[in-house]
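Should a chain be cited, it is by its letter among A, B, C and D, assigned in written order, with residues numbered from 1 in that chain.
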Amino acid sequence: MNNTANEVEVSICSALDNLELIQVLTDSLTCFMHFDEDSAHWIGMSVRESVTNAIQHGNKLDVHKKVDVRFEVLPDRISITVKDQGAGFRVDEIPSPLDSANLLKPSGRGIFYIRTFMDEAEFRCPSEGGTEVYMMKKKSNQGE
Amino acid sequence: MNNTANEVEVSICSALDNLELIQVLTDSLTCFMHFDEDSAHWIGMSVRESVTNAIQHGNKLDVHKKVDVRFEVLPDRISITVKDQGAGFRVDEIPSPLDSANLLKPSGRGIFYIRTFMDEAEFRCPSEGGTEVYMMKKKSNQGE
Amino acid sequence: MKIETRTVGDVKILDCSGRITLGEGTMVVRNTVRELVNADNKKIILNLAEVNYIDSSGIGELVSTYTTVTNNGGQLKLLGLTRKIQELLAITKLLTVFQTYEEERKALESF
Amino acid sequence: MKIETRTVGDVKILDCSGRITLGEGTMVVRNTVRELVNADNKKIILNLAEVNYIDSSGIGELVSTYTTVTNNGGQLKLLGLTRKIQELLAITKLLTVFQTYEEERKALESF
């Protein structure tokens, strides 16, 4: 880890209301970092999607289980890690929302959006359990 | 600690630019918690004052030293702890800005403001070194 | 999230504004459309011009709405997609599913 | 933080807007006032009506400004205190130090 990085760690209980807390924190970080409006929007959405998954699919809305979100603020990028206390899942087994059989399904697009909008996205099942989603977005050089 | 509390921990390097980061994070938390506008303002200012002190007087602007800010978000209150890696100080030896001899001094009002605007404020020198400032503000019952 | 329903001839136009995200937002869309379909409305336009935020659940809700209306023998049209909604639909190949319009007049004429 | 300087007769009115906080904000006040005092201006009004944020360093800067102007044989008046600045000055007993006005006309007449 960079010695002069700023870090923000948030620990929330698994209630959907707390999505707003994560959203405002993410928005204030991308604003502080002067991300362009579009990038800031997609970062906010990607974090929201992964925290929604952590609360719903991971911790199954159990308010006694925590979701930990860690932001690392670097001069040229932001990286975000979202951890839950669920059973974990294998991302390579998730069906593609682009398959014609899935096109009209009402769900299953979150991870696809995260992968599209972030520069890096990894979905890990650490040995201590749960799911850990790592995402990274670089600042574009425009207007810098 | 409350099991259903939300927590935000921020670790910044000791540069005054990072005051803006702390300010936006504090503002987004008090907004999320629906503090009234005045309380939100004074909480934001108290956090800013204590982080300013941590950066300036504690870590003496050494960017390799960290300031850790921890917010605990509870339904009826917010508590904030600000820690630095400085030499510590004895708060009872700080002169009162209200003494007529100090009235026209250009500094020395920060701690007084923190004490005035927060419901609780404690200044500790933990055994591991540095200064730890603890602050707490309850939500008023108005408009709840 | 707020929806105001207008009637133009036999067409219902739903002016949506705010956020369509998991929870409250998606529920408002679902309930409003369900009511209209239950009352046997066949021609429905979702005006999304004032929707400033949508997540994957919101996109999913648009798909569900499409299915609900179509299964009832009706037609659903989307009006006033913001640039962001357009992008979300495009990358998940949904622009080919929905009929989308920029002008209300054109959407009305399309039934 | 921004300051626009106006001249009314032999009085300088400094319309401040934005934040007076440690660093940039306090520096702008200091430098602007120092320049006026060096040019031997004796009557100075700081208009704070558009200052939406001030911290303890900003309050300290107001005190320094007062000292600088007074030591040069001049007079400093504060105009348009916001409710928050008023409170910060009051609890640190500084309202007794400064001459403060709500109306520009009254501040001008007071010299």
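Basically, contacts are C-beta pairs under 8 Å (C-beta built on N, C-alpha and C of every residue); 3 or more make two chains touch, one makes a residue touch a chain.
Just so you know, these numbers come straight off a predicted model, no measurement behind them.
Colleague: Rotation angle for the CA superposition of chain C on chain D, to the nearest 5°?
Modeller: The superposition gives an angle of 180 degrees.
Colleague: In terms of CA centroid distance, which chain is the most far removed from chain A?
Modeller: D
Colleague: Using mean CA coordinates as chain centres, what's the chain A-chain D distance in Å?
Modeller: Centres of chain A and chain D (C-alpha means) sit 47 Å apart.
Colleague: Using CA atom averages as chain centres, what separation in Å is found between chain A and chain C?
Modeller: 27
Colleague: Could you put a whole-Å number on the gap between the CA centroids of chain C and chain D?
Modeller: For chain C versus chain D, the centre distance works out to 56 Å.
Colleague: Residues touching two or more other chains, restricted to chain B: which are they?
Modeller: Answer for chain B, listing residues that touch two or more other chains: there are none.
Colleague: For this structure, enumerate the chain pairs that meet the touch criterion.
Modeller: Listed in label order, the chain pairs in contact are A-B, A-C, B-D.
Colleague: Along chain C, where are the residues that touch chain A in the complex?
Modeller: So the residues of chain C touching chain A come out as 21-23, 53, 55-57, 59-61, 63-64, 66-67, 84, 88, 91-94, 97.
Colleague: In the complex formed with chain B, which residues of chain A make contact?
Modeller: 3-13, 18, 20-21, 24-25, 27-29, 31-32, 63-64, 73
Colleague: Can you list the chain B residues touching chain D in their complex?
Modeller: 16, 19, 38, 41, 45, 48-49, 52, 97-98, 103-110, 112-113, 116
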